[in-house]
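In what follows, chain A forms one complex with chain B and a second complex with chain C.
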Partner chain A sequence: MDILGVMNIGYSALKAQTTRVNVISSNLANMETTRTPEGGPYQRKSVIFTSSSRGFAQELENSTRQQAEGVEVQRIVSQQGAGKMVYDPGHPDANAEGYVEKPDISLVEEMTDLMKAKGSYEANVTSIKAAQRMAIKALEIGR
Partner chain B sequence: MVSDISQLGQSIEAASAGSDAGKTKAANSVGEAFEKIYEQTARNLEKADQQAVQANTGGPVDLHDVMISMEKADISLRLLVQVRNKAIDAYKEIMRMQV
Partner chain C sequence: MTANGIFDSTTQVLDKALDLRSRKLEVISANIANAETPGYARLRMDFEEALKESVSQTGSGSGTGQRTTHPRHMTTGGGGAIQEVRGHFYRQMDQNGIGDNNNVSLEREMVDLSENQIRYEAGIRMLGKKFNMLKLVIQERV
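This part shows the complex of A and B:
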């Protein structure tokens, strides 16, 4: 059913945005993390989105409804490169010059990203609600 | 004129014979369709129920999973009720028919 299709697309976006918020909160939580299992400071992570097309049946269905596609998280990438060096000679991870390598995470950037993710989530909830209201209106025809 | 009437009679007979043959099939298909809708609705409701329990017991489902399955279950239940209302209306209409 097509109205349920809208719901599925909205649902995929809700899932993707939830993953994004997860990654952002992981970045915020690890702003000061200097040790990781992989060694070195925490690397900032970000999500890569891709439009979802699952198999032939989905493709066929998509082609009949103007290429409406959901979204999914393709992968989560870690930012490569050195972190910022902070002078803190008392820190156990400080190098010979007394500098500690900390993750290169900007609080402002993460908060902006968080707001965008939240906004996008809300927008998709609105589209799902619209679909639901449409379905209920359609059922009113029979009354 | 007479031949016209007899033709009409024949065509009525033919039509009723045809509908006799088709009747059981038609009844089955309406019943089957209703059954299918009912089964799908029951499945949707069951899924929503399971997800609600899982969300409350810390299972691997998100709130939006639960809400969307509940919404789908709600819509299919409303659809089922509408189909039932229509079927009952049609039945009553036929029962009220003067023979």
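This part shows the complex of A and C:
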């Protein structure tokens, strides 16, 4: 089931990239957030990708050949550490010196990441389309 | 599918080639999916040589003797009967030691993807012609 295998691999990547875009938009939306349920300013989040693990049965079946793997989000990590201090005495969360701790999120960094996620997503759509096209061509044999 | 009967060895080779091409697509799409996974080593698949070898062996009538041409070959990697060709899988490790140890180049994979697809479609077309010829000769009417 090679064609379906490609579809599954492509789908795993689309899912992973979608999670990544969700995390990026969360970071962008919370660039100015100074209060969170956990206390303190919002912490920048990022995704960690890993090749997807396979079940034992599949592993056994494919033990004689190296197997193509999909991708998945292993976990979403919060960046630890202090945010950047901005002088704003009128802010309700300002400290005694008039500084507010804001999330340390760079707009440029997030936008670059967003573009990369978009590029990866498109590349995977291309591979799914290739599989689809090959399957359709195979149906034309003997026509 | 055996070589006797109405299906000759060309059909057999085309059949196997299409099989391997669709397997190769899986390998390429896995590389594309893992293009940003830290520590992922690009998976590669070569089968052209093994297929060529098995075709020339079958052609000269030396049968299904298997042999390995590379120390890392699996026993079914090269030579032997056409149906036994599995292709040679290997991972190319990242050598430069900088970054996240991922050595997938999206451009490279895209080129491989389209090459693979074109060759697959060429195979389909040839197989179609082969079958059309068979159809032609088994028709009763002139």
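Everything that follows uses one rule, which is that the second predicted complex is superposed on the first by the 134 of 143 C-alpha atoms of A that agree within 3 Å, B and C clash if a C-alpha of one lies under 4 Å from a C-alpha of the other, contacts with A are read in each partner's own complex, and residues count from 1 in each chain.
Convention: contacts are C-beta pairs under 8 Å (C-beta built on N, C-alpha and C of every residue); 3 or more make two chains touch, one makes a residue touch a chain.
Nothing here was measured: the structure is a model prediction, and the numbers come from that model.
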Checklist entry - So if we stack both complexes on chain A, do chain B and chain C clash, or do they fit? => result fit
Next on the checklist: Under the stated touch criterion, which partner chain does A:Gln132 make contact with: chain B (first), chain C (second), both, or neither?
Outcome noted: first
Item to check | Apex chain A: angle to the C-alpha centres of chain B and chain C, given in degrees as a multiple of 10 | outcome: 40
Item to check | Which of chain B and chain C A:Gly142 touches, first, second, both or neither | outcome: both
Next on the checklist: A:Ile24 in the overlay: touching chain B, chain C, both, or neither? Say first, second, both or neither.
Outcome noted: neither
Next on the checklist: Which partner chains sit in contact with A:Lys15 here, chain B, chain C, both or neither? Use first/second/both/neither.
Outcome noted: first
Checklist entry - Which chain makes contact with more of the residues of chain A, chain B or else chain C? => result C
Item to check | First, second, both or neither for A:Val100, with chain B first and chain C second | outcome: neither
Next on the checklist: Looking at chain B versus chain C in the superposed three-chain picture, what is their shortest Cα distance in Å?
Outcome noted: 11
Checklist entry - So which positions on chain A get touched by both chain B and chain C? => result 3, 10, 128, 142-143
Checklist entry - What does chain A use to touch chain C in their complex? => result 2-3, 5-6, 9-10, 12-13, 16, 48-51, 64-66, 68-71, 116, 119-120, 123-124, 126-128, 130-131, 133-134, 137-138, 140-143
Checklist entry - Touching chain A in the complex: which residues of chain B? => result 62, 64-65, 68, 71-72, 75, 78-79, 82, 85-86
Next on the checklist: Help me check something: in the complex, which residues belonging to chain C touch chain A?
Outcome noted: 18, 21-23, 25-30, 32-38, 40, 43, 74, 86, 89-91, 106, 109-110, 113-114, 116-117, 120-121, 124, 127-128, 131-132, 135
Checklist outcome for this item: So, in the complex, the side of chain A touching chain B is made of residues 3-4, 7, 10-11, 14-15, 18, 125, 128, 132, 135-136, 139, 142-143
